Each structure stands twice: as structure tokens, then as C-alpha cells.
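There are two complexes below, and they share subunit A, which is joined by subunit B in the first and by subunit C in the second.
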Partner chain A sequence: MIRFLLIVLRALRARPKLLLPVLFAAELAILAPISGVQFDTAADFARSGRLYATDLITQSAPMIVLAVGMTAILMTGGIDLSIGAMVALVAAVMARFDPGPNFWVTAVPLGLLCGLGLGWFNGTLIARLDVPPIIATLGTLFLLRGLCEVLLGNEEFGTFFDVPGYTWFGRLSGSLLVIAAVFAVGGSWFYRSRLRRELLMLGGNRVAARYAGIPVFRRIVQVYTVMGALAFVAAICFTARNGSVSATSLEGLELQVIVAVVLGGTRVEGGNGSLIGSVIGVLMVAVLAEGLRSAEMFHSDLLPFKIQHLKYVLMGGLLVLGVWVNRRHVSTAG
Partner chain B sequence: MPAPLLQLDGLAKSFGGVQALKPLSLELAAGSILGLVGENGAGKSTLIKLLSGLHQPDSGDILFAGQRVAFSSPRAALDAGIATIHQELEYAGRLTVAENLLLGESWPRTFFGGVHWGRLHENAQRRLSEFGIDLPTHAPVDQLTAAEKQEVSIAGALARDARLLILDEPTASLSAPEVRRLFGHLARLRERGVAVIYVSHRLDEIFEITDRIAVLRDGSLVSTHKTANVSAGQLVHDMVGRPLDQVYPRTRSGELGEVILKLSSMSRAGMFRDISFEVRAGEIVGLGGLVGAGRSELARAIYGLYPVDTGTMLLRGKPWRPRGADAALQNGLIYIPEERKRQGLVLDHSLGETLSVGFGDTASRFGLVNRRREREAVSGALQKYDIRATGPAQAVGTLSGGNQQKALLARWLERDPKMIILDEPTRGVDVGAKAEIHAHIDQLAGMGKAVLFISSDLPELLGMSNRVLVMNRGAIDAELCGDEMTEHNVILAASGLSQAGSPDTDR
Partner chain C sequence: MQYFERTTKSVRHRLLFLFAGCTLLLGFIYWRTSLNVNSSFAAELAQIPVFLSPVIIAGMGLTGIIYAGGIDLSISSMIVVAGTVFGILFDHGAPPWVCFLGCYVTAVGLSTCNGLLVRMLGISPIIITLAGLQFYRGVALILADTLMPNFGGGLSIQKAAYQAPAKEHAAEILAVVVVAALAWEAYGKTFRGFLALGCSPQACRIAGLDPGRIRLTSYFVGGLFLGVAAVLFVTNVQVIEPARMATGFELGVIGAVVLGGTNIFGGEGTMLGTVLGALFLYLIGQAMLYAGVSEYWRTAIAGGVIVAVIGFDCAIHRRQKLLDELR
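Moving on, here comes the complex of A and B:
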């Protein structure tokens, strides 16, 4: 066992890119059985594994969608703390509409417009008015949360399941399709695009980017606007699975997304970023959350305290670990 | 002969597997100036870092004032009496000259325990005037010129009784009169018995100010000469290990084509005023002047980074009102900025990424980068411009200054620009790379491109250009061509002395 670990460690030192997948596999190996995946027979494994994967994917679909945008934002050296509130607000706006067939032509386009507008607002604050991203989006975080409360009060708005066809987005096929669509654009196109190069240069050295003819302000506004559109997509995924939204929905989501993206290898200082890494990061956070929830449900008698409370402790630990590993990776490369 | 102040005995240092400095022995007497020359990567910086306590030697001894010393930190070296003025100066920008000078010492106190500011500034003033330096002690260091900042650093070092002063490329960002002032300081220090190690790429300075010259190549000491007994040719030969043509390349035909860029009475408040000139295809127009005369500002305005208050520009016959650098690039106008690390490069990006920024339009469709074409273009550029690196994946920050500069040139040249503005393209670049960059510039003009060439290096400015414009305080003071193109005339015009009776009495 120890010898096996040593071999793995040595292989990882040679290829630091494998570190994240291996960590993810290790995490799955520990937490999947706790969450109810059975290994007794092949049939058992197929059935329980499918349930587990469905749960995992539908649950983390909004986060994956948001992580794509956050990766691009971190590349530019920015950050967006308002996305949790933004998703909730877009959902809240849509929740105020009648859940009939008309929902598709009224609430959905309006939700998209709302997301684009809010993202554009963030980008304009940051690029044109030169407010530091962390402050600008902290401001909009409170602003949007406040608007949620104005719209929803203390009620839980649960009409989404009544919209015809809407719940499909909360099921496995719908979630997978949304993720695939976001990836077709965000992954395949973006990864090989000139835009990505420009964002990386912009994040690495903004002055040099300006001298190299990159329209810096326009690019920043664009990135945050796209983030707004992704917040709309995430709002659909979330409400289709959850069925309802309240003023406090998704509190802290932005921090989980940032943890996931940083864990995935994107540097907070800008100038580098990896989409695949971000997705693995999201899944790691989701597996952790799911594992702890199951442990609480099925094995609480074994533990002296509520294990759910460990969630933030472990996530904080993951974040620090992720940043540390990235730094080491950079320093050995440089 | 008295015992030397500094004696190095078999000093060696390696990083990873690379022997940066092979065992080296050297002596330096008090009251003498040693010039240290060599191409980038020859081991000069390593030697300086060993002497200033930033690195510790693997083997060998440093004997300072007859005693064996080992510095665990820069602080220890400073305490022992070795002060180093690095190329990039360290100071606290928001603090005043006086505060910076006396940083790290105990400050005079008032009766109530507060700082006695009056006495602090008196002390600072006394120290400055001791070295013949005249600066306002109340000014924040941020607001000083590069030369003045350097004076503060030197005064600060000497105030701590340094007996050995190491200067690393001290004149890289100084203009000619400022260099003269620095040399005045150094001569006074020599009289006081301070030893100086003077590192520079500029051989004319080395010849003027040093007593002896040590040449490093590939980590070893190749030769030491008495300055009086050695020729520039010999020195360059020692540095590169091969004879180097000191002549500036002139392969271009000299035939001029149409006017590419024409400026008419361009002004921008506080930067430049009433600028008119034109640049033709195949022509290299030199732009000389002191640092801060408005040359770079003018270049950036042409490139579209600053708006212009009044005046008009024509680019290839059409009115030119750029709103950003992207417009300039699309119209075949490129600008290679003066501070390559701050304005040109993302230091931790790879060489391939750095170059491909410029290929943009040619290698992409639907906003997608054609990676095969990009790879070909990158490796083609690496070869064509002789950029020496382990490969396209190497981070540009780890390249030598010369190769960084070549990468910056190569980035835009693939676009086949018509008008090229070069801002100090050989600053901090070693002799070999400098010659290569000169050859490229000459070739570009030969290919019919118009070149505006900004340089503070007078021999280079005069040697490369067809004619030279000299700027002084935001205005063009003189246009020199043919026999008028002498260092003497450039310096006169740059300091505002070319016109009789001009009332320039600053400092």
C-alpha cells in the first residue's frame, strides 16, 4: 500500500497536470461509498452508480455553467462575487410570471435580458468606472440580494414545476445537454479562440495588452456580460431541479464556484486558466458536499457532531490546498 | 603597492546544473574604478549578487579590507561596506527624499518623542551636499527623474560609509547630461578612496570613467586590462570571442519612396507641441533628445494611445485619427514600446503565446486560432529573428533582454507593417543582440518600410538614421542631416543650446 502510494507520488511529480484527476479519484473512492454507491455486484454498482452520478450532475450543473464564466473572469485578473445573488435574482424575476405555456415567451427571454444587463452593469463598473472587481461585485452582491428580497419577501416561490416541459432541464438529460452546450462554446471554441489569448494577455499585463492593440475595456465588459448570460442559464438549471426560489437561495454559491475554479488550476492573479480543471474542481466540491450530506443522513450515529458543519472547514482546506499546489506548479515551471 | 580593498579568490557559483560563475579571482584597489563588461548571461549579475549578499558562493573566498567575509544577506554586505545600486532601484516612492535617505537609521526626535522633521531634513540636506547633489529633500521620490532617484540611492549608500560601490547599468535610463553628472559624482568618490565596480553595456562610458576593465564571458574572467592600454576592438573581441563589426549596417539602398507618415503641428498639453515632420518609405528617421523630452509621448500619440489636442496626421496619404492601438495595427503602424517588461510582455507567458498575439488576423478564422499555422509561424519567427530559447514553450521572462526584444520585434513584423516606431529598442541589450537588432532595422528600411527610431544611445542614433530630429521639452529643436549629424550637435540641441540665446537655465 505504502509502496503503491510512493509510486503514485513519484509519477505525479513528473506530471503535475495529473495531480487534480488523481486527487478527484481519491476523493471519489472515499466518498462515493458513503453516498450509497454499492460495489457488491455489477448490477448493484450500475444502479447505485447511476443514481449517484445523476444526483451529482444535476446538482452541480449550475455551478459548472458558472465556473466556465468565472474561469474567464479570473483569467483577466478579475473576480465576480455577485453571481450567486445574480442567479437568485434572475430566478426571482422569472418566478413572478404565470407558470403557463406563455412562460417560455415572457419569463425566459426576460430572464436572459436580466442576466445580460446585470453582467453588463458589473463590467461597466469595473472597466469604465475603474472600480476594483472585488469591490464592484461585492457591491452588486448586496444590491442584487436586496432586490431579491424586494421581489420575493420571505416567501418561497415554487411554481416552476408547473411550467410545461420545464422540469426536463432538472433531469440528467437536460443538465447534460446544457453542460454540453456551454462547453461546446465555452470549451471547444473558447479554448482555441483568439479571445482567450487576449484575455490571458489582459490578465497577465494590462498595460502590455493595451500596447498590443487589445481593446481592454471592451473585452472586460464582454466577459462580465457573458457571465450574466451564464447566470441566466444557471438559474434555469437550478429552478428546474429545485422547483422554487427564495430570497436566500444560493447564498455562498459564488464562493463555492471560486473555490472550484481555483482548485482547478486557475490563478487568482490572472494570466492563466483551465476549463477542464474548473469542471473537475466543481465536481470535487460537489462530491464533498454530497458525501457529507449522506454521511449525515446514514451514519450520523458514528459521529460525535453534525458532520454537515464540516463542509466549510473542508472546502476552506481545499481552497488553500489548491492555491498552494498552483503556486508550487508555477514556481517549478518558472 | 597597498593591499587591495577587495580580493576575490576562486569565487564560483552554479544554479541547478549550470555553472553561472566559474572560479574567478580578481583584485580591486581602494580609490579605483573597475569596469565590468560582458554579454548578457556572461556572469556579471551573478558576480554582483555574490558581492552584494543576494546569493552565497559555492566555493571561493571574498576578502574585503584584508578580512575574509561571508554575507548571509544584502543587509550584511551593506553593513560591511559594500553598497550596490541595482538597475531597478529600490526605494519607497511615496516617502520623501529625506525619509528615503535616512530609512533604517534612527531619526532625530523632538522632546515629545515625535520625529523632528526640521532636523531630519537638515541631516538629509547635509548628506546630499556632501556629495555635491542638489535635490529638494521634501519631494516624494516618485516625482524625481530616474537620474535623481539614482542620486538618492548613491547618497544613501555612501552615507552608510560604503567603501565599495557597485553600479549595475547605472546609465540605462539616463540622458547624456545626466550621465555627465553621474560621472562627476564617481570622480569625487574616487578621490575619497571609494572603490567602484561599474557594470555597463556602453563601452564609451566604460572607457571614460574606469581605471581597469574586467571582461567576463560564459561565466569566466577572460581578461583584465588597464583602461589606458586597451582598444575597443580588443574589448569587444574578448567579450564575444570573435571580432565584431563596430560599423552600423547600411545595406539598404537609401532610395526613398512615398511619404508614409506626415505630422503637421501636432500638440498635446504637457507632452509635446507643434510637431511637424514626415517619414518616407525606406527611411530611418532618428528621434533624439533627453529622457522626458516628449519623444515616447509623441510616439504613443501616433500609435493611438493618447489623443492629440491639435494638429493633423496623415498615414499613407489618408487622414489618421487613431482611437486605439488596434486601429494602428490594422493600418500597418506598429510601435515597439520602450519598457519591454512593463509595456510589451507578459513575463510568465510562453514565447509562443507572446509571438502569436501579433499574428492574430493572419492565423485565425471565426475567432479561432489555427494552431498548426500558428506553430509554423512561431517557429519561423524564432529562426528568422534568431531568438535563442529552448523552444516556443519557454517563458519570455526567463529570456535575456536581447532575446526578449527580438521577440517583441518579431511579434509585429509578421504583419508586414508599413510604418514602424521603435522606442529604445536596444536598451539593456548585449552587444551581440544589439548588432542583430540593428541589422533587422536596416533590413526593414531596405524592404521599403518607414522607420521612426527613438534612441538615447547617440552613436546608435547617428549610425542608424538617415536624418535625426532632436526634441527638447516637447518641441523639435533641430533637424540634422548629412555632416550636421554629430554627437556634439545632438547634445547641444537636446539640451536647448543649439539656438543662440535660448534661456535654458535649469539646474
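Moving on, here comes the complex of A and C:
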């Protein structure tokens, strides 16, 4: 056992990038059995593993979608605190429409337009008016939450399950397809074009990026607009699973997404970032939450407090630890 | 007057704008209350400290931290932990002053702990306090579950003696803290050190100041303010509910600080601006109520005001910034 750990440690020192997947695997190995995955026979494993994966993926689909956009934003040295409110507002706008076959031609395009517009507004504030990103999106966070309250009041709107064919997005196949589509587009855009290098350069040194001929303002507006479109996709995933939306739903989502993305190795100051790392970060957070929820259900008398409350403590600790480890590996690399 | 000469032109303009805005809004509210028999201007004024004192006092502490180039996103969770300590002491039958002291000391200790972590780990304050936002809320929930028998998620405190600070003395406490803090900022050395650190850590080091130490002091001083804010916040709510208490409080405080003209990257700003910023956001909401706008618009208007004021301000100073960049 100790020898095995030593081998793993040596491999990690040679390739620090492997640290995150190894941590994720270790987390899965500890928490998956608690969450009810059985390893007795192949058939048991297939059945319980499928249930577990369905729960995990459908639940974290909105966060994975948002994490893609957040990675790009953090790479440019920006931040978007308004995404939770943005998703809620897009969902609220769609909730005001009649749930019928017409929903697909009225509410859905309007939701997309709404997301794009909100994202473009953020981007314009940040790029054209030169407002610091954290302040601009903090302001729009208030603004959008407030608009949600204006649209929905204190009620909970839950008409999404009546839309024909809508719940498909909340199931495993739908969520997987949405995630795969976002990744195919985002990934190819990222790794097959100059965009990724341009964004990294923007985050590293904005003045140098301008002198290198990168259209700085346009790129920033584009990144935030794409975030708006992704907020629309996340809103669909969320409402298809939950069926309802209220003015306070998804509060604090932005911080969770940032925690996950930073955990995945993206630097908050910009100039470094990885899409795959972000997804692993989201999944780590989701596995943790799921594991603690099941531990609460099956072993509730193990500790003198509710085990689910450990989630906050562990997430905070994990974030600091992840950033600290990343920072050390960057500083040793030069 | 030296106090104002120390600030930059944009901060002075912002102060002037906020002062004029607050006066106008107060005038508007006075006009509307004088028209209506059921409402009185004095009652409206007396309400302000009760609702606003935690935001103003926590905001002044945060101003010092942001001056020094740091930030604290975890204030709401720290208030929750302090509130939980208050609740635990109350539950065990401690006298009121012990409860207040426990609440205060917890908040100061947690803020100092944030400062220590920032100094020792060398990670950016945003990350540390973002983690703290999650971590401290978990700590509060676990503390409440472990140390209070029969705790069912909320603890109701209905004794006048335990609620005195917010319900009876909020105005006095607010006045004393604001005057003392502004005097400290104007005549003391501590806050100039924060400003210096926020402007340039390198220059600080060369001038013989210790940046790490000043950063830590800024979190400690922020904690001193946060403690008062926590006591006022906790004694104002009817039920102490660690899972839901004070969510989003930090965003309101940061909004007030930023609206008050403090540069989010450090190095410029005033505490007076923060006080006026918080007041302005509150008064604009009240004025909207008197103008007949629905209560639901309140958050949206606060956000719209932050975006509009700061967007306008940044757009005006943009040319200067671009020129600086080219130089």
C-alpha cells in the first residue's frame, strides 16, 4: 500500500498536471460506495453506477455548462458574479410564457436572445466603459436579481414540465448531449483556433496584447456574450430538471462555479486556464455534495451534527488547498 | 480639509455627488411625508439606523481592507458564526453582556484569521475569503448542531435585554462609531498605511514599511468594525438561523463601499464615501416606495444605481486611463 502511494507520488512530481485527476479518482473511490454504488457483481455495479452517474450528471449539467464560460472569463483576467442571477432571469422570462407546443418557437428563442443581451451588456460595461469586472457584474447581479423579483414576485413558477418534450433535457441522455455539444463547440474553438492563446494573452498582459494586434475590447465583449448564451443553456438544463423557478433560485451559484473552476487549476488573476480541469472541478464538487447527502441518509448518527453541513467546510478547505497546490507547482516550474 | 486633499479628484466628485443625492432624496421624503398624515419624517429618520447600521459599520471596516488592496467576501458568514456564538451563549443562560462580548470577539478573531491566512499562504484575498464564505457558514452550522441541545435549525430570541443594542441603542452606537472612525481616519496613522499599501506594495517596502504586517492590521481593524456590525445585526433579527441568515449581506456592503468611491483595487477612497454610499442606496429605495413604486423593484434599482453611477464615472475617467497606459 505504502509502496503504491510512493509510486503515485513520484509520478505526480514528474507530471503535476496529473494531480487533479488523481485527487478526483481518490474522492470517487471514497465517496461512490457511500452513495450507493455496489461492487459485488458486474450487474449490480452497472445498475447502481448508472443511477449514480445519472444523478451526478443531470444535477451538475448547468454548472458544467457555466464552468466552460467562466474558465474563458477568468482566463482574460475578468470575473462574472452575475451568472446565477442571469440563469434565474432567463428561466423567469421563459416561465412567463404559455407551456404548449408554441413554447419552442416563442419562449426559447426569446430566452436565448435575453441571455445574449445580458451577456453583451456585461461585456460592454467592462470593455467599453472600463468598469472593473468584479464591480460591473456585482451591479448587474443586483439588477438581474431585482428584475427576477419584479417578474416573479414571491411566487414559484412551475410550468416547465407541461412543455412537450422539455423534460428530455433533464434526463441523462439530454444532459449528456447538451454537455457534449457545448464541449464540442467550446473545445474546438478553444484548442483549434487562436482564441485560447489570445484570451490567455489578454489575461497575462492587456497592453502587450493590444500591441500584438489582438482586438482587446471585441474579444472581451465576445467572451461575456458567450457566457450569456451559456447561461441560457444552463437555464434550460436547470428548469428541465427542477420544473420550476422562483426569484431566489440559484442564489450563490456563481460562487460555486468559481470554486469549481479555480479548483480545476484556472488562475483567478488570469493568464492560465484549462477546460478539462474545470469540468473535473465541477464533478469533484458534485461528488462531494452527493456523497455527503447519502452519508447523511445512511449514517446520520455517526457524528453529533448533520453530515451535510460538512460540505461547506470541505468545499472551503478544498478551494484553499487546490489553489495553494497549484501555486506551488507554478512557482517550482519557474 | 487635509482629509479631502489626501483623496483624488474622482473620489471628491463622488462624495459631492452622493452628498447632493442624499440631501435631495431626504428632501423628497420630507415632502412626501408632509403630504401624508399617516407617515412622519421623524419616524422615517429613526428607522434608518436600525436597518442601516450593520451595513454602514461593516462597510467602514471593509473600506479599510479594500484600501489596502485586499477584499473580504466572507463577512456574511463571519456574522453568522458570531450570531451562532451569541445564540449558544444565550442558550446556556449567559447574561447579555457576555453574549455581546462573545459575538464581538468571534467576529474580530475570524477577520484576523482571514488576514493571517492571506499573509501566510500568499494566495489572493479573493480566493481566501471566497473559501471563507463557505467554510465559516459550515462552521456555524456544525457549532450550532453540536453545542445546542434540541437545536432545530433556528433559535428565537425574544428577550428585550438581549436585543437592546439594535432595537434601542442603534442610533447612538452608529453615531459614536462613525464619528470615531472618521476621526481615526483623518488624524490617525493606521489608515494612511493602508492607503500606501494599496497604492504600491513595492514603494511601501522601500519606504521601510512592512506590507505583510499592514495587510494583517487592515484585516484586524476591519474585524473591530465587523464585530460591532455583527452585534447590531444579530440583535436585530428575531430568529438566529445559521443556514439562511445574512445571505447576500456581503454584496450589499461591497456595493455601498464601491458606490462610495473606493477603488476596488486599493489605494484610494474614504470611509465617509462608504457611509454616504450606504445611505444613498437605502434612501433611494425608500424614496421609490414613497413615489409609489412596488417593493419588488428595490433590488433592481439598487443594482441599476450601482451600474449607472460607476459606469458613468469610469467612462468619464477613461481617457485619462488610456493616456496613462500609452505613456
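In the analysis below, the second predicted complex is superposed on the first by the 334 of 334 C-alpha atoms of A that agree within 3 Å, B and C clash if a C-alpha of one lies under 4 Å from a C-alpha of the other, contacts with A are read in each partner's own complex, and residues count from 1 in each chain.
Following the convention adopted for this analysis, contacts are C-beta pairs under 8 Å (C-beta built on N, C-alpha and C of every residue); 3 or more make two chains touch, one makes a residue touch a chain.
Quick caveat, the model's predicted, so the values are computed rather than measured.
Contact comparison for subunit A: of subunit B and subunit C, C touches the greater number of residues.
Residue contacts after overlaying the shared chain place A:L195 against subunit B, while subunit C stays out of touching range.
In the superposition on chain A, A:L125 makes contact with subunit C only, while subunit B stays out of contact range.
When the two structures are aligned on the shared chain, A:G316 is found in touch with subunit C, with no touch to subunit B.
Judged by the touch definition given at the top, the superposed model places A:V207 against both subunit B and subunit C.
Note: residues 207 of subunit A belong to the subunit B contact set and to the subunit C contact set alike, using the contact criterion stated above. Subunit A contributes residues 189, 192-195, 197-198, 200-201, 204-205, 207-208, 210-215, 271-272, 330, 333-334 to its touches with subunit B in the complex. Residue ranges on subunit C touching subunit A, taken from their complex, read 117, 121-124, 126-128, 130-139, 141-142, 145-146, 247-248, 251, 254-255, 258, 264-265, 294, 296-304, 306-307, 310-311, 314-315, 317-318, 321, 325. Put simply, subunit B touches subunit A in their complex at residues 303, 305, 324-326, 328-329, 335, 337, 342-349, 353, 356-358, 360, 364, 367-369, 371, 395, 397-398, 411.
The touching residues of subunit A, counted against subunit C in their complex, run 125, 129-132, 134-136, 138-147, 149-150, 153, 207, 251-252, 255, 258-259, 262, 268-269, 304-306, 309-317, 319-320, 323-324, 327.
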